[in-house]
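Chain naming follows the written order as A, B and C, and within any one chain the residues start at number 1.
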Amino acid sequence: MRRFNKYFTILVFIFLYIPMVVLAVASFNKGMDIAVFKGFTLSRYKELFQDDTLLMLLRNSLIIAVLSSLIATVLGTAAALGIFRMRGRLRSAVMTVTNIPMTNPEIVTGVSMALLFAFLGMMLRINSILGFWTLLIAHITFNLPYIILNVMPKLAQMDPDLTEAALDLGCTPTQAFFKVTLHEIMPGIVSGALMAFTMSLDDFVISYFVTGSGFVTLPVEIYSYTKKPIQPKVYAMFTLMFLVILILMVTMNLLQARDRSKRRKVAAVRRRGI
Amino acid sequence: MKSKWLSGPYILWMVLFTIVPLGVVLYYALTDSITGEFTLANLANFVDYWPIFLRSIWLSIFATLICLLIGYPVAYYIAHCKPTTQRLLQMLIMLPMCMSFLLRTLAWVALLDDTGIINNFIRTLGLSPLPLIRNNGAVILGMVYNYLPYMILPLYTVIMKIDPRLIEAAQDLGCNSRRVFTRVTLPLSVPGIVSGITMVFVPAVSTFYISQKLGSPGTILIGDVIESQFKAAYNPNLGAALSLVLMVLIFVCVGIMNRFTSEDAEESMVTL
Amino acid sequence: MSQELIRLTDLVMEFDGERILDSINLYIKDKEFLTLLGPSGCGKTTTLRVIGGFLTPTSGDVLFDGKRINDVPAYKRRINTVFQRYALFPHLDVYDNIAFGLRIAKHSEQEIDDRVTEMLEIVSLKGFENRKITSLSGGQQQRVAIARALVNRPKVLLLDEPLGALDLRLRKDMQNELKRIQQAMGITFIYVTHDQEEALTMSDTIVVMDKGRIQQIGTPEDIYNEPKNAFVADFIGESNILDGIMLDDCRVKFFGRQFKCVDKGFDKNEPVDVVIRPEDIDIVSADEGHLCGTVTSVTFKGVHYDTIVDFKGFKWLIQTTDYCPVGSYIGIRLNPEDIHIMHKSEYSGMFGDYSSYSAEYDEIADAEGGEDEE
């Protein structure tokens, strides 16, 4: 049975990765047709780095992802601290609202925000309200639940006496937060922020509805590419991004593994400086 | 405590950008696109789209069940590996979720097309090409491919947390390995199953790209219809009405699903 | 040892309409070792948290050196706490944990180093400076927690059941250690525990609490020898508690007989509770006894026998080194100083009867953490 599971799992991983292999191979293809390999070339990568539009789109995506995940992290961490102190109905009401963007289909979230901005544009008599700000607002909104749902469990795991101990030793509540609580919930904040960042970087559906002509992100532009014959340099970009994300994930994995073993082992000499 | 106010900005934000937009959807759904007057016509229109709704639901249910059947053995296998292997495999499951799903779907087109990689290969064997694309099967394949990780991860999280002593206890009480599975492991993984089903079904039923690329004009889904109301036909009021129906439909489905499980199943997915 | 340091006046604490503390009046002297003793839920930890500044009382005042400090937040009080589960900062090592408060107070690194080193010596943890908290045993973590609090030279140290998580042997060592540290540092300790033996061993003053009220304040000897009501008599040590009538000063009647005692100041013919400690009772032959009864159960306890004797349907516990077999008919003698008289209270009739000895008494003995057994 276990052997069957093993081979089955290998098959499933092949299934998951075959399309990405196809894209990676296509990025080295001399020919234009993705289905026919006409010989090896690196020129697609050269084309990619000469294509200012694609690089600008990538930059836009990164700007939105960094800004939205940072703002969501600050806002969400503060919110988690507040929600954690709440009791009863208030708390469950807030958690229900937090879960709306998680359970609602992306298309509905996208449509609802598009309509909100259209409505606001009508009210404020702005013709093209869609753009950088609407995109940023939408991304912050769908990033927030990831932060909260990652930070809340860390707060629950934390020994509540730790905060009191810090107050007892002379910290103001603010100092106590930065010197003690923050250290305790940091793993939650980091994993929430990373999740938010990747979700934001890769988001297509919601961005698609709230984006304007002035500011477009990469996934949205890729969508319009896929409607016509696609340029192979896009495959090159895909392959590079695959590598970047792979490296990021491996690093994260190693960090987590080290964190886990560090907790068990006696740490090496470390003195001075909190 | 004053710290309650820390969540003030967040609550304000969520009201402004989550609850108010849903109100705006309701407003658009109930008004006429030209005159702006109150009407139920948009909602009534949904009868015309009922067959498309039904098709979306059927295809998604199929895709969800296939994901469950494929995902469970994989999740089970990963959960019983060494911790380091577990982390590696978990990462490999998550990696595709971070990559552009548009391009990955496009890669399937390249694989399945009449002049695609698979059919080219079949031709070199001297056989006649197969109709692999532009049918319901291809749409289901696209859904399964895209959302399978969302099934595996919650299943893995739940199965991993099952106390091995429970398995030993069941063996001690005379269960063979098949019975251990049906009497202990499977019942205990129900929260993961429920959350996996939700996480696959919801995006699958509302998708609008997969069917455009892998399906035929005859297999469009409700997501495609909504999208076209905003991006092509420009009738946001009808689009809003259809979104509303879709949302209610999904909330009903999720509500029924959650009856079977505790609240924390959903959270098992989003925390690393 | 005489100057008053902390005073609680008419302290009331309510959560959701439930009264946790009910008009607590208490003063604590400088350099005193004071113990708040009581069963769980009696309000002792709440009292401690009010003094520490983690809770604001619903009404009443907390005075420190004569000044009202109700609204002074915890971090501005010259009071430090040793928490029940230590609450050491897991992201800091031993040295940085102890230095934490000094760094907040912005002392120079030189002074911090001197004081931390001195403190490590006091709690016998020299050489542990750079150890991770998680690599320490329970007892070592305990010492770090004490050092972290004491290094700030507080006027008062609050300890919330600090020995609860340690095993018996370690607990006994730490009791002596704590007492030694308190005397060496010359500061006030306010100690919370539910363990009566711990309280008797360490304290200068014991405050017995139950149901949010103070039942008795006194030295360990006072509390043990002169319990104020049936609750205190039962909670501290073992007691036979009987209904009696105070006939006159130094004359009490129970079991239909008059006894001489040493208590005065009761009303004539006042109904009272009579306490007789099991170890004070002398067993004699039936014809010499003030009272006679039948032995119904004997349990060997090492130093003595727990002997249950039935006197006309009321069962007494007698702790004696003389072995009397079950079924034997014996007499007992009571000296006037062995009889202690208490006013009737809400606790009268609830404690001090050993009728259900085999079940109840054993259970209590077990629940007390098995101090007798190890």
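Rule of thumb we're sticking to: a contact is a pair of C-beta atoms (placed from the backbone, for glycine too) under 8 Å apart; a residue touches a chain by one contact, two chains touch by 3 or more.
Remember, it's a predicted structure, so these values are computed and weren't measured experimentally.
Under the contact definition, chain A and chain B share no contacting chain. Seen from the Cα centre of chain B, the chain whose own Cα centre is farthest off is C.
Central chain by Cα centroid: A, whose mean Cα position is closest to the mean of all protein Cα atoms.
Note on chain placement: the centre of chain A and the centre of chain B lie 18 Å apart, centres being C-alpha means. If you average the CA atoms of chain B and of chain C, the two centres end up 61 Å from each other. Averaged Cα coordinates give chain A a centre that lies 56 Å from the centre of chain C.
For chain C, the set of residues that touch two or more other chains is empty. Chain contacts: chain A has residues 173 touching two or more partner chains.
Across the interface of their complex, chain C is touched by residues 159, 161-162, 164-173, 175-176, 179-180, 183-184, 263-272, 274 of chain A. Listed in rising order, the residues of chain C touching chain A in the complex are 52-54, 73-75, 79-81, 83-85, 87-93, 95-96, 99-101, 103-105, 109, 129-132, 134-135, 148-149, 152. Residue ranges on chain A touching chain B, taken from their complex, read 1-2, 4-6, 8-9, 12-13, 15-20, 22-23, 26, 34-36, 75-76, 78-83, 85-86, 94, 97-109, 111-116, 118-119, 137-138, 140-141, 144-146, 148-150, 153, 173, 188, 191, 195, 198, 201-202, 204-205, 209, 218-219, 222-223, 226, 230, 234-235, 238, 241-242, 245-246, 249-250, 253, 256-257.
By the touch rule above, chain B contacts chain A in their complex via residues 1, 3-11, 13-15, 17-22, 24-25, 27-28, 70, 73-74, 76-78, 80, 84, 87-89, 91-108, 110-111, 113, 115-117, 120, 145, 148-149, 177, 198, 202-203, 205-209, 213, 223, 226-227, 230, 236, 239-240, 243, 246-247, 250-251, 254, 266-267, 270-272.
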